[in-house]
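Below is a structure I'd like to ask you about.
When the chains are written out, they are named A, B, C and D in that same order, and each has its own residue count from 1.
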Amino acid sequence: MSTQSDNQPVPAENRASGWVIFVFFLIGLIASLISGWIAFPNLLYSTKQQPIDFNHKVHVEQMGGQCNSCHFFRDDGSFSGQPTLDECKSCHMYPMSNDPDEKKFIEEYVKKDKEVPWLIYAEQPPCVFFSHAAHVNGAEMECGTCHGDIGQSTSLREYQENRITGYSRDIWGYGMLRIGEARHGRRHKMNDCAECHLKETGSKGDCFQCHK
Amino acid sequence: MTTPAIPEGVKRCSTRKFAIWLAVVGAVLLWGVYAMFLVWYKGLNQTGMNDAYGFALWIWADLAVIALGGGAFFSGFLTYIIGKKELKNVINYAVIIGFICYSSALLILALDIGQPLRGWFIFWHANVHSMLTEVAFCLSCYFGVLTIEFIPVVLENPKLDRIPFLHHLSHNLHEVMAVFAATGVFLSFFHQGSLGGVAGVLYGRPFAFREGLLIWPWTFFLFTWSAAAVGPCFTVMVTWLTEKVTRKKLVKQEIFQLLGKISGWMLLTYMIAKIADTLYWAVVTAPSKGFALMDFYSNNPVYGIWILIAELVVCGLVPAFILISRKGRENNTMLITAMILAVIGVCINRWVMVLQVMAAPLLPFQEWYMYMPTWQEVATTILPVAYGIILISLAHRYLPVFPQEKELNPGN
Amino acid sequence: MKIDRRCFLSLVIGGAVGTTLTPVPWKLTDDIAIWTQNWPWTPTPEKGPSVYKKSVCTLCNGGCGINVRTVKGQAKTIAGQADYPVNRGSLCPMGISATQHLYGPSRIQSPMKRTGDRGQGKWEKISWAEAISTVSEKLAELRSRKKPHTVACIAESDRGTVPYLLQRFLTAYGSPNFIRTPSSFDAQEQALYLTQGKHGTIGYDLANAEFILSFGCALMDGWGTPGQMLSASADFKQKNKLVQVEPRLSDTAALASQWVAAKPGTEAALALGLAHVIVRDNLYNKDFVDNYAFGFEAWEDENGTVHQGYKSLLKQYPPKKVAGITGIDKGTIESLARKFSRAKHSVAICGRGSGMVPGGMDEALAVFALNALVGNINQPGGVTAIPEPDYWPEMQRDKTASNGMQQPRVDGAESDRFPNTRYLLNRVPEAINSAKDESPIQALLVAGGNPLYTMADTETAKKAFDKIPFIASFSTYMDETAQYADILLPNHHFLERYEDVPTPAGTPTRVIGLTRPVVETRHDTRHIGDTLINIAGSLGGFIENAFPWGNYEEFLKQTLAGQWDSLEKQGYWVDPEFMPPAWEEAFQTPSGKYEFYPSQRSNPSGKDADALPGFRQVELPGVQEKMPLTLMPYASARIAGGAVANPPFMTKTVDADVIRDGDVFVEINPKTAKEHDFSEGDAAVLKTPAGKARVRIHLFEGLMPGLVAMPVGLGHAAFSDYIAGKGANVNALLTDVTDPGSGLNAGWGSRASLVKA
Amino acid sequence: MTKQARHTKTKRYGMVIDLDRCTGCGACMVACYAENNVPFRKDESDKMLSLNWLRVFKVDNGKPFPDTEICYIPKPCMQCDGRHMEGHSPCVSVCPAVATDYDEPTGVVSQIYTRCFGCRYCMAACPYHARKFNWWDPVWPADMEKYLNPDVSARMRGVVEKCSFCYHRYQKARDSAYVEGRDEIAENEYQPACAEACPTRAITFGDLLNPEHEVYELSRSKKAFRLLEKLKTNPKVYYLTAKNWVRRKADNYLEGESPADRKPAHKAETASH
């Protein structure tokens, strides 16, 4: 309950002046803007390194310039995604170069018969059915349209993972609130799919087209 | 004992007595809050709902409190738009009751979804065809309006009123209150209606389904009409209860009678429409879907024809006739009884439009589905009642809710 | 410069305004919602290429071909193998949900030994070496005491290489006590032997039959090979060729073109009544009966004694009398007999329920005689004997073993009393419980089946098992019997192992299917064949020599060398040379003919009436006054009634008027309910002479008044929480009723009472 | 840059269930649960708390012994075309967050578990109780997670799920067609798990608009009817029976009405766009 002193008006000379109050407002405003726009994104994502480095460029050159030499369609129309150890082993049973990462690959994975736990930049959540066949064969799209120039890269970039959702940052894109450029090819959020579908096919598509 | 936090010239109970009162009600509130967190943490398996009862006690409570909270918009409509200035004497209380009802409804809605953290999808990914979307938007907006309407009442607390900024804010808000009242009426028309639409559009549920006008089933209009009719009854009923608890007269009897008269005519016209709707449904709609009227009122332990009679006659026509007759209104017991009956009637209506819809079997080889709420559901449904009592207690104690109180209780 | 609380308020407001202008609230709201879409405790199945693998399901003796979809070495879904000659792509719910058993909680994950009391469920993990040596030491000890014949082995089948290895092991070791778990095929196979002189599996060519008269066979609920029967059902239905004799409107009766609700236990009388009409009206196949059958007319033996023939026996079964016994009206009997004899290929089949419900010899012989009367033996759409597989290498054995093999069998099978019966597990409990000193079984190897669940009067069986000092189980699952064992040597799950599956009962062709590993072994289990080879190796001597193979797989490939290519490629092998022999060569009975008068039948009284298949009402135990109702078990395709219990998916499909809140519902006719003052859903206690159980009442018009029908397959106490503790085990309420000449259990039901709980 | 996506003909996938063939064995249910990662609980006896996309009901004609007859009625999601055949199925129109949608190319009513926030309005709207709510977190004991089908996502607590006509099989069949350069998929390429598993071949599945598909004729047969036809939900699941009493179990008839007087089932072709 209230006390007697509360009921007395505070003398004016004991009160902070208007501009001091405004400065405090500004301090609050600027501090929150800085932490929200700069600190928060850094806190939200953890950075992970790929288990071994991989030179796409060299592989593309060696394998005849085609992505589908390693990322191919299976007979049933499903997309193979990352090559399995067996597929890698067909060339890399023994070192083909002096590359330290190749050595590491052979020592730690080939010899131990262990799959490489690649971190997949464009990995979609389990509720998504993404048909590579529809895009690559049906719409005759290039891999790079969505995946950027990863085929020309000589080294794997770091992988950023959203600490809350567990998804790759490539899905949301690198800008916060979808502001700014999408790095590394296109963003892969539903809106991005819908946007392109609307443009190319005249419809965002039905839910089941891409969900399972 | 008067402290400056309490409005001038009115008598309030001792702080100690008030604290004990709050503690008792607070205990009930805490019980509800515990159940609420249990539901949020463990999920809806804490309820007695099942796949036959996707909607149950909570949705009923939602529909009921929103109907009863209709007093706020309808009193506002009468006061600010029709110009029944004498109703200014209850409008504060009507707003507070409305605020309690609507905040409770929102709370229950937040409980009643399987994925509360995705609750905002209803706004962000809204399906404009869904009555529930309409409900969510109108309900939230109207709750905003109610909050704005509530603020000046709060600011009239003597202590707050001393702060010049707040004093001026309060004054200016009062000036534009008619605008908000009008907005509130508009929004209320739609959300009360869309709540009616929630059941009425279910064309796969012959018990609920009603033909309608354009995209709105008749229940859309019936719900709005009944909320307008019964909302003021609930306001009077709560005021009357407050008077009983505080043991003093807070609002003049003429006001009660005026509201009773308006409610009575509203109720009567509503009942005429409701009976016409029921007849059309029983004679045309239900048979077209293969059901005779009695299919919905037999072969089960609860839902007999009594419920229809209770809703339409005992809690519908009877209170309507009492309220439209001068004699009925002038007898306080009759007046209050009629209002309580009307309140029960609208609660029954909301109950059958939710629960009986779920209970009635559709395929001939299925039986009636029965449902028993768990204590968690009951506790969370009582939670708003406790919360309402606390808010009303605080409001009554610290805010000048009833302008006529000083006049009616001289010598304090 | 003064700083007061308004400054802080201002700071907070500034912060709040700023925060709304940052991504924080919006991104967090969205990410938290995405988090709910990706809760780490909701599993994400691993993606990968689908690989389909063919195998054969061994969850029951049906042996259906299956096609398993695997992804990254994990079994995902199971469907019927479209070209498999038995089930032709159809599969029962049990087979479809086998992955649940593979990965489920009822698996025994390693060898274990008991640490608590029997059945208490306290186990200690042990190594395979310890498990093998424990069993071998026990067996060696019994041999050293010259008691190898006190070892018994229980298996679910006596065909195929695994049962063969078990038999071979016992033979080398010195015990005659290989015991197959009981089923209605015991009586049918014996009837086959008595009438045709052949040991083998019975094949019914239902696909080519024009008229099928089923004496209570739950064709749609597990009889024979479930996949095969379900697959044929459309044909039964379309061609209106099925008549079902049964007191309950079962799924099979519902499918039939005619449901003949005979009183339970009177099937033999009905068969005889039909035969009466057929013979009386000269509707039988004269060629077959005159030239290839024996004992139809009266006959004279070598001593000059004249014996009554089948024809004159039938005189005692005129339709009027049969109508009285069976409760079926005379006209129906007459018309049924005519339909049966006039259809081009008629076949009568027997074996109540899914084949798990017992039945006596008279019934089997009476039904067989119907097929003989219309000459439908080794004909399209008829009955054929499928010879037992015979591809086993020779072996030598030592003296202890030879002596052991001379000893009588514990169960009394093949004794003077029951000379034609091969296995009598139902008589084992009595043999043990009535033994004066120590149990005649000192060590029991449970290598299949789940006797402590499936045997009638399970309590008595349990008491007998208590007296067996050593019980080893090879079960894949923690079933009721494994739970009661002393040591567990778990076999691989069938999706992890090789095994051959010979012609299942009922199938009219000679076929071998190959069960093979579709996933890698998940637990520290071992193929039962390998375990046996290990035990033999550790016993040494002639026993070791009898098992010269490195492992089971090697043995299997060697044994089935001729069929292996086909097995590997197609998953099955069909004998291209198998043709049912012509009547001239078909019968190996003493008369060389089909014997209507089974001259080999054990007949202590010497009376012709006891040798011929007459109708003798089985005296069910209990006093009629105290127990006025009759309990009959019924099979349901949604409840596995055999050794292996339901996986959770199947239990999920069971209706709420069969199981609810852990209680089983028994069906009674509303009339019976009225008499006993029951209404739907009432709780009751069902009492029989063997025991009692808490049940609830379900009213069903499709059940004959006076009966209580209870589903088989509930009331498990073992496996996992997903099946244990649901309802009651009907087997525990039944009693063994010894069939006089065969020793088989003829107790198809029990007297019972229902009292309100 | 990119070519227009290939356009295939509009389909209206539907199912015809021959009730005279169904023996109630339950294989369809089990196959459905295995295919669609439907979880299970220790006690499933309360069928209104039991997640099942397909349930087989046993009904009888109510006549006394021995004139009793029984029939099994399998009930998946009816994939309603809606009141005016335009896809406003009872459930689709009420979902406040577009978590359930009418798939235009196929006519399948979709359910997106990650969009659903669990208001259960669709369940209230569905007259067939085809929609099931995840009251609990799904749990697969022991190693049972290993059998989960990667083509179907596991559902989390608090969302509604239902039969999808195994839409993921359609997606896979389309993938296969894309890779082989085909625009259309064959009838047998897309069959839901229940139809494939039905050992008595009582379930037929295909495009109701395609005269070459078996369902086309079957759904137009005199024996064909649909559940609760009078509600005008326009299901795409048809049933066949020759028995009048079974038809009476499948819809509500007023006194004096008989199934025989009924107009034939709505024809799916009116739905073609």
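Heads up, the rule we're going with is that a residue touches a chain if its C-beta (ideal position, glycine included) is under 8 Å from a C-beta of that chain, and two chains touch if they have at least 3 such contacts.
Note that the structure is a prediction, hence the values are computed from the model and not measured.
Colleague: Could you work out which chain's C-alpha centre is the most distant one from the centre of chain C?
Modeller: Of all chains, B has its centre farthest from that of chain C.
Colleague: Select the chain whose centre, defined as the mean of its C-alpha atoms, is least distant from the mean of all protein C-alpha atoms.
Modeller: D
Colleague: Can you give the whole-Å distance between the Cα centres of chain C and chain D?
Modeller: Taking the average C-alpha coordinate of chain C and of chain D, the gap between them is 34 Å.
Colleague: How many angstrom lie between the CA centroids of chain A and chain C, rounded to a whole number?
Modeller: Averaging C-alpha atoms per chain gives centres 56 Å apart.
Colleague: Find the geometric centre of each of chain B and chain C from their Cα atoms only, then give the gap between the two centres in Å, rounded to an integer.
Modeller: 64
Colleague: Got the chain C residues that touch at least 2 other chains?
Modeller: 32, 35-37, 44-45, 47
Colleague: Going by the touch rule set out above, which residues of chain B reach two or more other chains?
Modeller: As it turns out, chain B has residues touching two or more other chains at 115, 118, 121.
Colleague: Going through chain A residue by residue, note those that touch at least 2 other chains and give them in order.
Modeller: Correct list: 76, 78, 125-127.
Colleague: Which residues, counting only chain D, touch chain B once they are in their complex?
Modeller: Against chain B, chain D makes touches at 46, 48-50, 57, 59, 73, 83, 88, 90, 93-99, 115-129, 131-137, 156-160, 227-228, 230-233, 248-255, 257.
Colleague: Quick one: which bits of chain A touch chain D in the complex? Just the residue numbers, please.
Modeller: It comes out as residues 73, 76-79, 125-127, 129, 131, 133-134, 137-141, 145, 197, 200-201, 206-209, 211-212.
Colleague: In their complex, what parts of chain C are in touch with chain A?
Modeller: Per the touch definition, chain C meets chain A at residues 1-4, 6-8, 10-19, 21-24, 26-28, 31-32, 34-35, 37-38, 40, 44-45, 47, 49-50.
Colleague: Of all residues in chain C, which touch chain D in the complex?
Modeller: 36-37, 39, 41-48, 71, 74-80, 87, 90-93, 96-97, 99-100, 102-105, 107, 220-221, 226-227, 230-231, 233-234, 237, 249, 251-252, 254-255, 259, 261, 522, 637-638, 648-656, 659-662, 669-671, 700-705, 720-722
Colleague: For chain D, which residues count as touching chain A in their complex?
Modeller: Checking each residue of chain D against chain A gives 1-6, 98, 100-106, 108, 110, 112-115, 151-154, 164, 167-168, 171-172, 174-181.
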